[in-house]
Structures are given as C-alpha cells and as structure tokens.
Amino acid sequence: MQVKEEFKPTIVAFCCNWCSYAGADLSGTNRLQYPANVKIIRIPCSCRLNPMFILRAFQRGADGVILCGCHPGDCHYTTGNYYARRRMTLLFSMLDYLGIERERTRVEWVSAAEGAKFAATMNDFVETVTKLGENKRLEDLRCKSE
Amino acid sequence: MKKCPISQLDALFAALAAQQKLYIPTGEAKTAAFKPWEEGMKLTDALNTVRSAKDLFFPQVENLVNFKVTGKEIEIIENRDPAEPFVVFGVRACDCRSFDILDKVFLCDPVDTYYQTRRENGVIMTMACTEPEETCFCTAFGIDPTDPAGDVSCWTDSENLYLRANTEKGEKLLSGLPMLSEGDAPAADKSVFERLPLKNLPLDKFGGEHMMELFNRPEWKGLAESCLGCGTCTFVCPTCQCYDIKEFNTGDEIKRFRCWDSCMYSDFTLMSAGQPRPTQLERFRQRFMHKLVYYPSTHDGEFGCVGCGRCLQKCPISMNIVKVAKTLGEEKE
Amino acid sequence: MQERVKAKAIELLESGVCDRVLGWKAGEFFYDVTPAVFTSREEIEKEFVFGPFCGANMSKYLIAESRKEGKKVGAFLKPCDTYSFQQLQKEHRIWRENVYAVGVQCEGMCDIEALKAAGIKGILGAEGSGDTLTVHTLYGDKSVERKAVLAERCACCKSKKLLGCDEIVGEQGEELESARFEQVAKLEAMTPDERFAFWRGELSRCIRCNACRNVCPACSCEKCVFDNPNSGIENKAASNSFEENLFHIIRAFHVAGRCTDCGECSRVCPQHIPLHLLNRKFIKDINELYGEYQAGADMDTRPPLMNFQMDDPEPSVVHERGSDQ
Amino acid sequence: MQKIGVFVCWCGSNIAATVDVQAVSDALAKEPGVVFSTNYQYMCSQAGQDMIQEKIREFGLTGVVVCSCSPRMHETTFRKTCEKAGLNPYMVEIANIREQCSWIHKDKETGTEKAIILGRAAIAKVQLNAPLTAGQSPVVKRALVIGGGIAGIQTALDIADAGFPVDIVETKPTIGGKMTQIDKTFPTLDCAACILTPKMVDAAQNENINILSYSEVEAVKGFVGNFSVTIRRKARFVDETKCTGCGLCTEKCPQKKVPNEFNLGLDNRRAIYIPFAQAVPKVATIDPNYCTMLKTGKCGVCSKVCTAGAIDYQQKDELIEREYGAIVAATGFNPISMDKFDEFAYSQSPDVVTSLEFERLMNAAGPTGGTLLRPSDGTHPHTLVFVQCVGSRCDGGEKGKPYCSKICCMYTAKHAMLTREKYPDTDVYVFYIDVRTPGKNFDEFYRRAVEEYGVHYIKGMVGKVVPENGKLKVQASDLLGGQQLHIDADMVVLAAAIEPDKSARPLATMLTASMDTNDFFTEAHPKLRPVESPTAGVFLSGACQGPKDIPETVAQAGAAASKVIGLLVKDHLTCNPCVASSNEMMCNGCSACEKVCPYGAITYIDKDFRGPNRTTLRRRVAQVNPAVCQGCGACTVACPSGAMDLKGFSNAQIMAEVDAICK
Amino acid sequence: MSDMTEIVKRISGVNPRKCMKCGKCSGACPAYDEMDYHPHQFVDMVENGRLEELMNSRGIYMCLSCFACLERCPRSVEPSKLIEAVRLAVVRQQGKNHLNPEQIPELLDEELPQQAITSAFRKYRK
C-alpha cells in the first residue's frame, strides 16, 4: 500500500547576516521550533538578494522563497534594505502579474532580537506554502527528480 | 490523384491523426504555427507559419544524453526523445525544399541520427500556393510553388482538396483514407507569380566561383552596420541548421542537449582563443556567404536559401538576404 | 517632412558639423526601412526616407557611433527616441559631445502587420497622408483608415516632446494623456489563473531570438547575463517554460526604472509577444508605489530602483493589493 | 576541483542529540570534492582545532567545511585555525547545524537530513571559494562619546586616561545626566551629587576630553576607524568662552515662568539659566522658547547685566565635522510617560508623583529644599503609597514595556527607607508584584527597609487611585492577606518604567547600529560582547543598552572604554576582504552601482580596452575602493550586466547554495 | 473537568499562563468584597483546573462586567473575559434557562445601561 506522503515544501530563506541570520540563531538558542523544510542561506544584507537567486530557487525545486532582513532603518549598511524592499516589491508584483502564486514569495523584517518572530514567520510561511502545494508555475521539470 | 471535399477536411484530419500525430498550420496570421491537430482546429489564413516546418525535424531544443552523478560515480544515460510517426500537413513548396538542403547536411556521413529518425518517421504533405506574399521569391531558386514536392502534394479549389502521393510513404498514407475519391486538380494559375517583385533576384554572381571577391567586397560594412545581432533571421529560417551543444546541471544529473545557435550571436563558435568572427560585420557576412556562396560551393551550386521570405518579414531592422543579394549581385557595371 | 529631414541631413554633412548622419534607408518595399549611416549627399538624396514606417529607435546606435573618431555623428531622433537618448546619456553610455541630435516630430508609425491583419495581402506600397492610406497590392489598390494601422505604441503615444536635441525639425510637441496602462490594468483585473494562462500562451511562443533584447536601448550591456556562461543563467534557447519566464522576468527587471517604454521590443518580436506589457507593468507599479517616473525625461532624478523613501510600501503590498481578485 | 575536508561537530550533545553526526559525516564524504570527512565532540576545542590543522596538512586540503554552531560564533575561530595550517582563512565555510538545525528540531531523522543538506550547501559554496586577502585601513585616533551622563563621562575619562582624545556630545547644556537629579544612591545611601560632580569636573579638566554640551549628532558617515561625524552645536546665545558662570543673568532675567526641567517641572527657572550649581560647563544658556528678547526683540536684560559680554543673541547653530576612530553610544534612559496610566490619577493630582520626581522632592537642591512636602498644598504627608512596576512587565502593547526596569525595586526600597528615617511619623506602603534584589547588599537593604524601618510591603497591586477631599483614595489588593485594601494616602509614588532616550532610535539609524523592539541598542553578542554593537567601531555604554543601575553602568562604561582603547591603539585595521569588485570587461559604466553604494566606495575611470581587429575602445568602468567597501552587495544587484560581484558571497556561490538546498 | 477548562479558555480567548499574579485586577475590582473568589483567583483556578469550584461559585454572578480588570491588567490576561466564559459555560450546561427576550420589557429600567442588559441575558437564571 502506498501511503500518500504529506507534502513538505522546500523553503529557501535568505537571511541578512546582521539581523535576520542572528534572529534565526536566537530562535535556535531559545529552542523555538520551525519546520526543517526551511533552509537558510546567509547573505551579507537583504540588498544582496538578486532576483536571479529567487528564480533559481524556484527552478531548482523550491516551493517558497522568503527574504529576511533588518527592519527598515536598522540596516547594518544603512540603506540596503530600502533598496531590497523596492526590488522585491517590484519583483513580487511581476511574478503575481505573470500569474505565479504571490504567497510563494515573502519579505519579513526580523531583527537580531526577534528569535520568536523568526520562528513564527517561518511557521506561518511554511503553512501558507504547504496549503498552496507544489510549485508548478515556475518549475523546471528537468530539476525534478523522477 | 485523389480528392476530398473541403467539407470533409475535418474528417480527413481526424483520420490522419488517428494513425499518427498530425501537425497542421494553424492560428492567427501573426502567430501561425504548426501545431498538433485537435478536434475543431482550423487551418491558418496565413500563407506560411512564423517558424518553418524545419522545427518538427530539427527542434530548437533536443535532449541528447544524460550524465547521472551518484556520489563520485558518473553514469551515462541515453536520452533520446521517443521516435513516433507523424504527418505535417500544409508545408509550402519553399519549406519542403528546405529538407533537401537540411538532408545534405544532416544525412551525409556522419549521419545525424536524431534528425534521421525524425525524417524517417515524418510524412510531409505539401500545399500548393495560389496567393503569394510580396516577400516571396522561391521562384528565384527554381521552386514551383504551384507544384510542391513532398510525400504528398495538395491543391485546393473552392470545393475540394486534391492530393497526390509522390512517394511510397505518401501512397501508404493516402491508402488508408476512406473519404478520398479519384479526381484531378484544375490547372494552376501561375500569372500572379510572374508579377512577384523579387522574382528576378540577381544570383548569377553567387554560387561559389567568386568566393574571395565577394568575401572582400566593401559593401558588407554598410549592409552589416545596422544589424542588431539578434537571431531572428536564423530562427525563422527553414534552412539554418547550426546548433550548439550545451549542458544543464540539475544538481544530480547533467543533461546534455543541443539547441539552435545563430551565426549572428557574439558567442557563435566561441573558442578558448576567442571569437573567430569578432565583429558583427564578420558574423553578418558569414550568414549570407553561407547561404549564397559556401553552401552552393560544396553542394553542386544549390543555394542554401529557399526564398520563403520569412527573414524579410521578421528582421527588426529589415536587413535581409534580398538586400544583400541585390547589393552584391547587381551593381558591378 | 521627409524632404525637410533630408535637407537637414545634407546640411549637416555639407556644413561640416558632421561627417556622417544616422537615418532611415529605403528598402525593397515601402515598409522595410533600415537604419543606416549616410556619408554623402548622393546617398541621402537617393535612399534617405522618413515616413510612417521609420519605427526603428535610433538612440541605441549612438552608443557605438558616439565613440567613433572623427566629427560628430548627426542623428535623427523621434520623440520616443529622445527619451532613450537621454536615458542612455544618464547612464553614461552615449558620449553626448560627439552627437549632433536633430529631433524629428512624428505622426505615429504604422504597423505593416496591422495592415496585413486587415486582410490585405501582397502589399506593394502605401500612399497618402491624413486619415486614409491607399495601399497598392498585387491584387489591386485598397484603402484603409490610418488610425487602424498605427503601431500599438503609437496609438497610445505618451509624449511628442523632443528632449535634449541640438535642433528640431517640425513642431515641438507635448506630453500626452495616454491610455497605455489600460491593457496592464485589464490583466491585473484577471484572476491569477487567467493571467498565468495568458502569459503562458504568449511566452510559450518565444523563440529566444533575442531581438527584443538586442533592439532595446536599455539592454545595452557590454555582456548580457544571458550570454555570459559565468552568470549562472546563461542560455541560448529556452528549454522549457521556466527558461521562457526567466528570460523575460529578468530582462524586464533589468530594465525596470530605465525602460522609456519606446515599444521597440514588441515591434521587433517575430512572434508578436506583447513584451511592452511586462515593461509597462513595472512602469505602472513604479508610478503607483513610488511616484510618477518617466525614464529619460530628465537627466537628474535618481532611477526608482536606485532610490528609496523611508516610508515606501512593504513588499506585502503585492499580496494586499490583489487580495480581492 | 577543491580538495575539501568536512568536520562535523557534536557540540557535546547540543548537536549530537538531534543530529546523527556519524551519518552526516558519512553522507558528506560522498560529495564531490570531499576528500576527508569526520566528526568530533568539540571542534572548537584545542584538540578539534589541532585535528583540522593536521588534516589540512595531511590531505592538502584546499577547502574546509565545519558543520557546527552558527558562523556568528566560531567562523573566526575556524578561519584562524586554518590560517595557522597554511590555508587561506576564506576557504572555510560553516554549516550552521546547531542554532539552525539541532536546536530547533526534535526528531533525529529530520535533524540529520537537514544537517546533511546544510553541509552540502556549504560544500557547494566552498567549491567556488577563492582565497581572499584582507586589506588595511588607517585608524583615526580619537573617540566620540554620545551622551554625557555617568556612562558617557566614565567612558570618556577612561579613554582619555589612556591618552586618546575624546569628544563628549551632550544634548543638554550640562553633562551629568540623570544621576545629577538623584538624591541618594542605593544600597549605600551616599549622596549622588557628591560622587558624581568630581567626575564631571575631572572630565572638564582633562585635556584629552572636549565637552560639546548643548550639541547633537547630525550625521555619521564612514566606518570603523574612519567615522566622519557632523555635530550640531545648538545656539545657546551665550559665548561659552566668555561666560564665567557667575549666574547674575539667571537672577536678573525677567522671564520667571519657565518650567525647570532639572526639577522635572516641580518649580520654575528663568529663560536664561544654568541647570544647577555644579553644572559642567558652568555656562548660562538662553532658552529660545521663552526668551523675550529672542521672541520679540525687546528685553536684553541679561546682556546688560553680563560683565563678561558673553551674551550673543545673534548666535546661530553651528555644524562641525570631525573624524573619529570609534563611537560610543551612551544615550541613557528616561522614565516613561504616565499619560496612559489614568488609574493612578497621575494627571489628576500633583500628589501622585513619579519616583524621579520624588527624588527631587527629597533633595536638598530640589524645589522643597529637601523637606518632603506635598506638591499640592506644601503640607507634610503622613501616608505614602509606593507602587512598583508601573509600566514595566506589561504585555507589550502601547501602554507599557514588556521588560523589568530593574532599578525600581531598589530605589523604591531606598525611598521608603529614607522617608521612614526622616519622618518616623509616616506610614509607608509599598505595593509589589515581586521584589527583585539580585545584587551585592541589595536584599539586605530591602530587608532593612522592612525590618528596621517598618515599611509595609504588600504583595499586590494598586487598582485605582482617586483624589478625594485632599486625600488620595487608594484601592489595592493584598494577595497574601486575601483582602482588598482601601488606603487614604497623602502621596502616591509611581515607580515608572524606564525607556531608552528618544534620541537613540535616530542615532542608531545614523550609526547603522541595530536596536531591539524596545529601542535598546543590540549588543554584538548578548553574553560575550555586551559592550559592542554589531556595527564595528560602535560601542555601548550604560542604559541605552538595557536598564542598569549606577555601578553596572560605570562597569559597562569602563568596559566600553577598554574596547575603544583596544581599537584606537591600532595603527591599521584589517579590512573585510569580502568586498565588491567589478569585472571591467563587462562593466557598462552606467553608474547604477555608484548610486546605491552607501559608502561612496565606487568611482569611475575611462579606460582603453583592446577591441576586435586591433582596435582600441575607450570605456567608462567602475572601480571599487576595497578599504571603503563594506561588502553589503547592493551594487551587485543594481548592476544589470553582473559585472559587479561580491567576494565571499558571489552570485555563483549563492546560486550553488540554492542548488544544493533545493536538490 | 479538564475539557471544561479548555472550553472556558477557548470561549474567552484567555491564556491564564500569561498572568504574573500581580493582583491588579483584584485591586481594581469594585465588587471585590461581594465575591467569594476574586479576579486574580479566577485566573489561577482556571489555570489549575479548579473549574468545578468556580462554576459553583456565587462570585461569578457578582462580577459587574465593568471590565476594570480587563482594562488594568498589565499582561492582557483579561480576567473579566474568563468570568464571562465561566458564566457562559454554566449557562450552556444548564440548558435554556437564561433570560428570555420576552421578559425584558417588564424588567427594563430607563436608567439601566445597555451593557448591563446584555450581560443580564447571560447572567441571571430564571
């Protein structure tokens, strides 16, 4: 009997080194749980996130991509997250315009002190993406292992 | 010769599609394309499709082989698309001639087995032209658009579709169709082709004899000047046959595939030492020299162009083989 | 108009201001006009044209032309070309001092495909100014309304203003009220499923000929990421729907805030993909979220993606905005 | 292809409990490029580090992946380890399998699976790592201390003692801060002014210290070792160099109705004023909001009485720009506003006061000359109710603060004790939720208040205070007594929560230092780097980092000073080699990168390049100054051609990580 | 009784664990002396599952629903919601024996605040 396996989405979380990555560490230090499907990639600043990386993640099988950075005004590099905010807003709007589920992409500002927010955000995001199901609209079939 | 009432066309397509995959030219004039036939699909009003029938035999992207990586082992996996028989209906005389040209490239030794398989599996049903576009100049290459080649040739008048099998494959295809009856097509009216503006393309100077002279002509500079270096002409061309072999790493597998390349691209035939044709002028010249000089010089004077006129319609800056041929072929008083 | 433009071109050469001029060269038919460099009065008199099929945006050629040695290059620019011209200067791509820019007023360019779509075949020529166009065909003369055969971008022209030129032929024009975002709004009003179906239908026709990119004045990178094997996203052909999407998303994103909406991408697409709708989406979003911005309209303002406000909307605006759709 | 060594750490049971470390090292051994893979109990131990070094030499490793705790913990450790073994330190990548794996997952299978993927991603990245060499940048040997309270003063004194010049920027006309307003200090009950004012004078007399009072930081540019700070010197309309501080003007000024902020508005001062007798600098300041001369142009009394000719009504704000190597934030705290606590009738009755106001009422230099009198009628209060935790420990929201303000228990005990000592005829009630006395001699102090001074400590909270017939009707619960109390009090003292000064938030933005949700500055590490901000070169002193009492503040101030000294003694700083660099062959020279660079690290040059067919092309190309670039990567995304890339976080590396994770 | 605790927590939306036992609710309560259990005890009793005692207590009907405790609670525990929920739980358990709308007119007093009427609906038995 084949039991239908529960869908576990692949989530890529890009976290800026100074706030959100530290926030993620803090949620670990505080033993706050969030699903293992979330894998974090450390980037120096949210402004390092090239839209290319997001599309790449979807191509390679991600079902959701989230960017976490310092709160606006708190960027370690002063202005990085302001640029990231515009870039991501426009990119997400474009993905939505192309009919790709807008819930698959998200930006959250998580400070180094917000371990609880990090865990809560991830839990919520995983739940949202799980409900959406597999990424079909921006998939690259070549990358889906048979 | 067989005939089939126009009213029975859908039934004819259905019968063909029941046996094998059937492609027909369909869609709006601006975007007409060969597509797999489905119930209710209409033939396009356009004279010709945007992309040529070449695509069905030599697709833009084609998988060749996979390399599977497990740990530190690499396994080689054949990855050919499954061979299935198919029919293309509505190929124009120009596109049909393009297969002669492609065959000479792909089926000479070493044979391109990917192309070969598709050629063997594909049946070409051509359609005679009655209302050419002003951009048509197939007659310049000795093609009779009113009497196209192919496995099966077709004509229409207001009531009937007339079909004539030219090859064994064609005979076999027609033999199984119950809606066909005997009947001959009325004689074609060729007068309109006489009025085609480009019918007298000055091709005498081309064909391989004046290779170096043509190569060094100063007019190339002016012709190539505005070329954007896009691949439109090559990708809509029924005779362009250049491809690149590329690899895609999926993470645990490497997929080797081939895709069309364009001699107009800056990385065409890029080598470790650099680009053999470093400027657009050289790349531009390559394309037209190939069609009008290099190909004929190695293939008994046969030109690498069939006069379908697609590049005339599609070039973003309206530079094309006709302008090249006229510039280089006419003058020289 | 054609005669005035030609006279100006000859004047530029003969007065010694320029040693070459960039203009439009007649083709085999009346509509297949090619951008070309003219160096003599004879060439200009014989082959220079300016008419309803001179759609090509000349600004991009000035990147290379303005760097050549010699005298200035004379350039004839339509209003929308001048926006690109300014934008390229802003990006330090054109060496302005080597260009003598002549603004040419434009009545809107016609689309040969629109003529053909009107059911006219075997077209040999077109004549007439004003509202009606007489078309000569292999099958006799036909007449059509000019408005009906205007290119889409000209039917909703955003501006007739000639910017940053050394001289103007014809009247200086004004910015116009344009309905250019109507189609974008229509798409926005659709459900995501409908939008997905729409764009799949359009983008699946893409043959990756790169015509849109190569004609685009904003896409003038020394080396495009899609041609660069080290970029990680290089590809020569779209192997599947993902790569089709990828190319067009990234291209639109790279020109976002820089695209002047000249519409060349859609004009040259051999598959008639409405690429301008991608660029206009970004323009519309930028206007709505960050304030009106027209790329190329001036030389000073910071492009919206290289700028920010402390109180910019959060990316979640995308989610909230369309929640009822 | 790199030769990669993988080292999986157990971190005792921290990782090994939820991650099968053996399985991880086995799985990663199979990855391409991996030539050695192992696991060990504590990789960061000397033995663990020795092993890494040994394996680097043994296998000639070109890359190292350590699967361990967060790179924020030990990346530097392992980089140094590898460097000692001859491997470039930037050939090391850390897979964070503790904070981001073992600690958040309970199921071993899940944890192991994820750890393997994280390890893979690190391996994929290391494959593309390139050796990087750090550059150097010079250090400006001067420090800036922002805030002139006890924290700022102590930090400045310590830095100055080490021989480095320090500037103190204080927004008030005098340094001294909150401590000047405090009467006595717990638990010793010594006089705050007596111990503070000598320090203020020290600071004023120290030739390495330059006090910029009545000044604010306007803008901060630069980076560690090379900050450039714009300081606004607000116009005080008195020439600091001429004013002798005689105070004559402050006596003669006809504008007498200015609420005296030093006494928290409990009395009035003049429009020209010296905040208090021991102010440093002892210089008068004209309050432009009240000065008749400045507002209407008619008066000029102070100018007439000033024998030094120091008054200058034309004075304007002045902007000065200075270079600093290090910056210390010491912006301090304020009691929160009591506006939202109507139940305690703070705004209805002047007899309901905050503890800081009570401090002034008890102080000899205060409005009542040190006699405890009710602000409403100047009578002697007999029944006093102290309420603790007002606005502290609240459930977020707008009303209060979620944290414990830490100092209230002790100062309330102090107030209760002092009241009872001075006025044995009073009844003093303290309503508490918990009494928190962790500190040397703290609990003893509190017990003395109860046992020796007879302060009534009641576990419970005041529910409401209603002013009625000159009394304050206090209704409260006595949880241990199981009854509701109704007390007719003469005064109610609220131990208001403290919050960071409002200037801290904009300052943090200028300094690019991060803050927590309560606007306290975040430290680089809560335990191990408590006086440093995550932003290099920015240090934290005093209550701006979290609630603190005086000894803690002084200790932290000294610690911050020692960190600053440690920085300033260096002649050069090693730069972060993970900086942007532009590939000139692909650069368009379009200036996109320059526009988004927050450091001005990008400039352009025209350069000749070899074109096809022996031609030369002149192009404008970007150049990055690696000493100025901080490696944020904003430019890399702005660059459409991808010419701009970031070392250590290159496009290819990040995409390799993405690939490995999504595989 | 433990399910009842859950029900009460669910109806009220109150998390009694947030209580830090400061007693401000009881300090603020105007009906303190009328009650056998006091607001802070309510919270504690729910947390510790002593619901039966609570449901049988008269104190829950002495609550004025003035929301002083809710307003003052520094931890947003909101005891009055809990009391309300306990009353509701009692009412539900007893069936339809609360005040009928038809009976309202005769009981109506011009001076009666709206809030009191609403809470009376749930509070008084027949």
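When the chains are written out, they are named A, B, C, D and E in that same order, and each has its own residue count from 1.
In this text, a residue touches a chain if its C-beta (ideal position, glycine included) is under 8 Å from a C-beta of that chain, and two chains touch if they have at least 3 such contacts.
Small disclaimer: the values here were computed from a predicted structure and weren't measured.
Hopping along touching chains only, can you work out the least number of steps from chain A to chain D?
1
Among the chains, which is located farthest from chain C on the basis of C-alpha centroids?
Here the answer is chain E, farthest from chain C.
Pick the pair with more C-beta contacts: D-E or B-C?
B-C
Average the C-alpha coordinates of each chain, average all protein C-alpha coordinates together, and give the chain whose average is closest to the overall one.
A
With centres defined as the mean C-alpha position, give me the chain A-chain B separation in Å.
Those two chain centres are 46 Å apart.
How far is the middle of chain C from the middle of chain D, if each middle is the mean of its Cα atoms, in Å?
Each chain's C-alpha centroid was found; their separation is 53 Å.
Taking the mean of the CA coordinates per chain, how far is chain B from chain D in Å?
71
Once you find the CA centre of chain A and the CA centre of chain C, what distance in Å lies between them?
Centre separation, chain A to chain C: 36 Å.
Could you check chain C for residues that touch two or more other chains and list them?
225, 232, 239, 305-307 - these are the residues of chain C that touch more than one other chain.
Mark out which residues of chain E touch at least two other chains, giving numbers and ranges.
There are none in chain E.
Could you pull out the residues of chain B that touch at least 2 other chains?
Where chain B meets two or more other chains at a single residue, that happens at 248, 251-252.
Check the chains against each other and report every pair that touches.
Listed in label order, the chain pairs in contact are A-B, A-C, A-D, B-C, B-D, C-D, D-E.
In the complex, go through chain D and note every residue touching chain B.
Against chain B, chain D makes touches at 30-32, 612-613, 659-660, 662-663.
How about chain C: which of its residues touch chain B in the complex?
27-29, 31-37, 56, 61, 113, 116-117, 121-124, 137-139, 205, 207-211, 213-215, 227, 235-239, 264, 267-268, 270-272
Per the contact definition, I'd like the list of chain B residues that touch chain D in the complex.
That would be residues 69, 71-72, 249, 251-252, 275, 278-279 of chain B.
Which bits of chain B are touching chain A when the two form their complex?
Residue positions touching the partner: 248, 250-253, 255.
Can you name the residues of chain A that touch chain C in the complex?
51-52, 55-56, 58-59, 72-73, 79, 82-83, 85-103, 105-107, 137-142
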